[in-house]
Amino acid sequence: MNKVVQQIKRADPEVVAGLGACGVATVHEAQGRKGLLAAYMRPIYSGASVGASAVTILAPPADNWMVHVAIEQVQAGDILVLATTSSSDAGYFGDLLATSMQARGGVGLIIDAGVRDVRDLKEMGFPVWSKAISAQGTVKETLGSVNVPVVCAGALINPGDVIVADDDGVCVVARDEAVAVLAKAQARLASEEVKRQRLEDGELGLDMYDMRERLAEKGLKYE
Amino acid sequence: MNKVVQQIKRADPEVVAGLGACGVATVHEAQGRKGLLAAYMRPIYSGASVGASAVTILAPPADNWMVHVAIEQVQAGDILVLATTSSSDAGYFGDLLATSMQARGGVGLIIDAGVRDVRDLKEMGFPVWSKAISAQGTVKETLGSVNVPVVCAGALINPGDVIVADDDGVCVVARDEAVAVLAKAQARLASEEVKRQRLEDGELGLDMYDMRERLAEKGLKYE
Amino acid sequence: MNKVVQQIKRADPEVVAGLGACGVATVHEAQGRKGLLAAYMRPIYSGASVGASAVTILAPPADNWMVHVAIEQVQAGDILVLATTSSSDAGYFGDLLATSMQARGGVGLIIDAGVRDVRDLKEMGFPVWSKAISAQGTVKETLGSVNVPVVCAGALINPGDVIVADDDGVCVVARDEAVAVLAKAQARLASEEVKRQRLEDGELGLDMYDMRERLAEKGLKYE
Amino acid sequence: MNKVVQQIKRADPEVVAGLGACGVATVHEAQGRKGLLAAYMRPIYSGASVGASAVTILAPPADNWMVHVAIEQVQAGDILVLATTSSSDAGYFGDLLATSMQARGGVGLIIDAGVRDVRDLKEMGFPVWSKAISAQGTVKETLGSVNVPVVCAGALINPGDVIVADDDGVCVVARDEAVAVLAKAQARLASEEVKRQRLEDGELGLDMYDMRERLAEKGLKYE
Amino acid sequence: MNKVVQQIKRADPEVVAGLGACGVATVHEAQGRKGLLAAYMRPIYSGASVGASAVTILAPPADNWMVHVAIEQVQAGDILVLATTSSSDAGYFGDLLATSMQARGGVGLIIDAGVRDVRDLKEMGFPVWSKAISAQGTVKETLGSVNVPVVCAGALINPGDVIVADDDGVCVVARDEAVAVLAKAQARLASEEVKRQRLEDGELGLDMYDMRERLAEKGLKYE
Amino acid sequence: MNKVVQQIKRADPEVVAGLGACGVATVHEAQGRKGLLAAYMRPIYSGASVGASAVTILAPPADNWMVHVAIEQVQAGDILVLATTSSSDAGYFGDLLATSMQARGGVGLIIDAGVRDVRDLKEMGFPVWSKAISAQGTVKETLGSVNVPVVCAGALINPGDVIVADDDGVCVVARDEAVAVLAKAQARLASEEVKRQRLEDGELGLDMYDMRERLAEKGLKYE
């Protein structure tokens, strides 16, 4: 039952990069408000943002053996996405594993558990979004799987899906929707630029979005 | 039942600014240790501090329609204070709304829910204290109210009350107590300055506050 | 029953400093993965790290009287470790107490409760690891004890034990194990340096740690 | 600043009892979906329900002195409502205080903190809705207030307000709205009785509430 | 994007019933320790157990419109499984909806949000496993979907999957694995019966499972 | 480092039983308000109470191997106390292990993790106080220790200490203090019986405990 899928499809690197540049909030909206991981997933340092292809890990609690297995499957531009079979906040990942990831071109980690060596990771420029920061060591005793579908922090993630992460959190885009979502996200950014200028000039959202009539219909009273 | 109160009284701008300069811990003490919002209300970036007048919002879960309504009521020096009718950590507020707030002179947001675009907000210098950071989008379907009394993160806040917020959290001062609280807060700061010097010089709190006798009376034993 | 133990044994200052330099994750591993405080103990600002001797406090909820008592027991290189008799997130400690600590050579605070004036503490370079940040004031009404064994954030800490804390959290080393743990921690660091170089050069953990055979024995399948 | 208000107005006992009989969900709806305390307030045993007038307590953390003060203010049909000035889960209340309450005709306790002796309380038929169950003892050192407005579990409660509590949680009705809310609640119950019969007979909510057209307008697709 | 899938495949009713009779812990083990929903999903009353086919709902926060839509899709032996697009603990479901469910042969509800009228539901024998109990009312403003794949409390659930729920929590079995899992679960129950007898007779697990040698190999010391 | 201590001292069985009969709240008070485990430790069914000698287990996360090892060390009147080396809510214990415990005269389980088969355990009359209820399976891969000191739910527990547990939670009494604590607890119960009668007769705590003068001194005002 425990397996490593070695051949996965990834989205086009330019599409992946483009989604990363759009950011989590925009991509989440562009794909119909889905794909967001739980809000408890926070970056270990602020200011990082990534667009990357998911290499997924399903790991036992407090056992990081499968991380080593997964790194062999990582290509340039990939990000590890680790879900656990049972709740854990142990520290599965630290600076040595990040060194190995960077040697292969891996760009980050999404983990529904804990991470450690966070100061080193920050200095290395290796971003992590995690449920916890914890030095708690893990073992290498029990198998899991690599590149199988996982539910990570409440979101279903398939290997090769596009991960977008920044200070707002983490969002997943299905691989085969990536091109379409990117187009919508870029259109949304362009449209927002126009709105931003109008709002800066003092126009109200009430007017820009024509809300007054509908508010009145719903019964809003001004006193 | 859903209404927007357009005329609210605010405290004197100099008093508001003075309270902001005193900071949360001092103001909270000066007014008899009341008015503190729950400790889960955290700034989205460190180093910001504000003193501002509250424009309050009572909003449905995951519905930010009333934020647009509220911004029309904002004057220079105001801060939005959003409470929800039912628990939510969705992202009610982002960089476009912040742009609109800044265009009107609004100085920040206190929200018992989520916020997004936090890197943009930091770059804009628009501080937010929130329960969560989340990109989760909201709808514009259900009315709420603006400038009614709200319970936000466990504290009762009336429109026009003074909000003081910094890295320690958020505190509310009733509008008609603002002058008196400011006087006490400033006196406290002056008194603390003297104490700080004595402590720096090596005097112990045990002696400076005359605690030894009372500790002995209570039965503290030294071994 | 409430007492202050005035004579406590401390580890050798060089050993304490050495442990601090090794960091939490390494020390935790070196001593057999024990001694870690709960992951909810977070630094109030990033980048700080300490190795220090524990002066322990057992305090009532929302009552910081014993902090004043404890500071008299502090020597250069000590850190306060505060546990409560009943859960509290009130703000027991702020800039005045930190001033007093620094005047005596104290280097930080570990507190299973709240702290305030966090911006001042950051500017003073006084690190704190806490459960909460809260301006909530405390009283001085009920006795506790100083320099007794305490359970702080799930870890047993005796007075004079060595505290190691950094961005990964907090770890305690028993005083009489400090020398041995330091030796193991330094050996571990040396060994990690070699591994880091190999990983940087592209070697996989799978090979460096000889994992492939055991993975196959356990039944891992590659597809 | 610490005071005991001895004269409070209460709603008519028949109105209070009537609201209690309607139950939390119905009363909450009848008054426009407000007044609900946070969902973490749970009964210590199932099956109890009350309608009662609030005698409010604002108490320090882990200090139950004011409970004794409040009981003197209790009349037949009253319920204690305790909020704390700082978060606590200590056990403020047990079987002796419940005995005293019952001797005065008091009917229960709503407490945003902890309670103990819960098996005894169940046997006595003294219902409590609390944030926690904890044997942790409290002190009698610091004053609070009795019969002042409090924010309890996120809801504003004034002395003399009507408390409705059952297995669904706790709801507060403002004293001067009690008569009107009761009328609406009873009308709602009558209307629900009709609906229940129709649903039992197999009619769908989709038809009974005429939802199909609006769903189609909104764009719902059937496949 | 919002849709209702009307034709779903269900597992054989005898298989569904058989899985329900095996219970959550056994079924979870039998299918390789997968499919468990998060431990915060608790029954509103103890003693209930179900095996049923999932009719899934993806609903907006605090909006129960789709529950009405879903009930039309319910057949005898079905259970509703509700996930939200954004975190909510509002009370989506009460006794009227349960009446409608029972009229159609529906047997329960799994909801990653809140439920109300819990005493009535208990009296009706309508079991619910939920994240919260809350009287908080919901609206009918925003569409969701029915019978689409959902992630509910961390588990992926497809329409027609088999839900097993009892006092231990909730587990999902993929529809097309149901027959195989049932066979394994029943074999496991039979095997456990033998073990139970041996343990009752005083045999130790250490001996029954032949653990002593492996413990010694791993290095366990007896003192 | 992993060991099983086979010889532990236990308190006198009559003393253990006597403490159990006094209950958690009384014992906790009698020993100076210490020894209480965290309030999140809840019984899996209400109405159970125990006094028993602790056989302690330090176990890895989601690994219940040491439970089997510990049961061999159990004598009549013992209770298992399980702490983990890293946070876990997996289901370490179910009906088979309880059968084995009962065969040896073991009377219950205190576990800072999860438990399953809770309906069976209730029917067997085998009480458990746990952090979670979860069917999540565990492995048998990593050693821990038996009968070493552990920190369980925030309390230090040595093997052979007396555990008292009931609907109020769990309390530990050090073995060598058990006789003295029992005497104080029984005296406390006798004294409470007198107070209960006086309170039933309508006397107020304010008068029975002579509180009025001290309240006035502290400045309490009656309005």
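Should a chain be cited, it is by its letter among A, B, C, D, E and F, assigned in written order, with residues numbered from 1 in that chain.
In this section, a contact is a pair of C-beta atoms (placed from the backbone, for glycine too) under 8 Å apart; a residue touches a chain by one contact, two chains touch by 3 or more.
Computed from a predicted structure; not experimentally measured.
Asks: What chains, if any, are shared contacts of chain D and chain F?
Replies: C, E
Asks: Moving only between chains that touch, what is the shortest number of steps from chain B to chain E?
Replies: Step count on the best path from chain B to chain E: 1.
Asks: Quick check on the interfaces: D-F is repeated by which of C-F, B-E or B-C, going by over half of contact pairs matching?
Replies: It is B-C that repeats the D-F interface.
Asks: Report same or different for the chain B and chain C interface, where same means the shared residue numbers exceed half of all residue numbers found there.
Replies: Mostly different residues form this interface, as fewer than half of the numbers used are common to both chains.
Asks: Could you let me know which interface, A-F or A-C, is made of more C-beta pairs in contact?
Replies: Per the contact counts, A-C leads.
Asks: Go ahead and note the Å separation of the Cα centroids belonging to chain A and chain D.
Replies: Here chain A and chain D have centroids separated by 42 Å.
Asks: Distance-wise, how many Å sit between the C-alpha centres of chain D and chain E, to the nearest whole number?
Replies: Computed from C-alpha means, the inter-chain centre distance equals 31 Å.
Asks: Once you find the CA centre of chain B and the CA centre of chain D, what distance in Å lies between them?
Replies: Chain centroid spacing, chain B to chain D, equals 28 Å.
Asks: Going by the touch rule set out above, which residues of chain B reach two or more other chains?
Replies: 33, 39, 85, 87, 89, 136, 142
Asks: When you check every pair of chains, which ones turn out to touch?
Replies: A-B, A-C, A-E, A-F, B-C, B-D, B-E, C-D, C-F, D-E, D-F, E-F
Asks: Once bound in the complex, which stretches of chain A touch chain E?
Replies: 1, 32-34, 38-39, 85, 87, 149, 151, 154-156
Asks: Taking the complex as given, what residues does chain B use to touch chain E?
Replies: Result: residues 60-62, 85-90, 136, 139, 141-142 of chain B touch chain E.
Asks: Along chain A, where are the residues that touch chain B in the complex?
Replies: 23-25, 28-29, 33, 36, 39, 42, 46-47, 49, 166-169, 171, 192, 195-196, 199-202, 204-206, 209, 211, 215, 218-223
Asks: Using the touch definition up top, name the residues of chain B that touch chain A in the complex.
Replies: Within the complex, chain B touches chain A at residues 2-7, 45, 65, 68-69, 71-72, 89, 91, 94-97, 99-100, 102-104, 114, 116-119, 122, 132-137, 140, 142-143.
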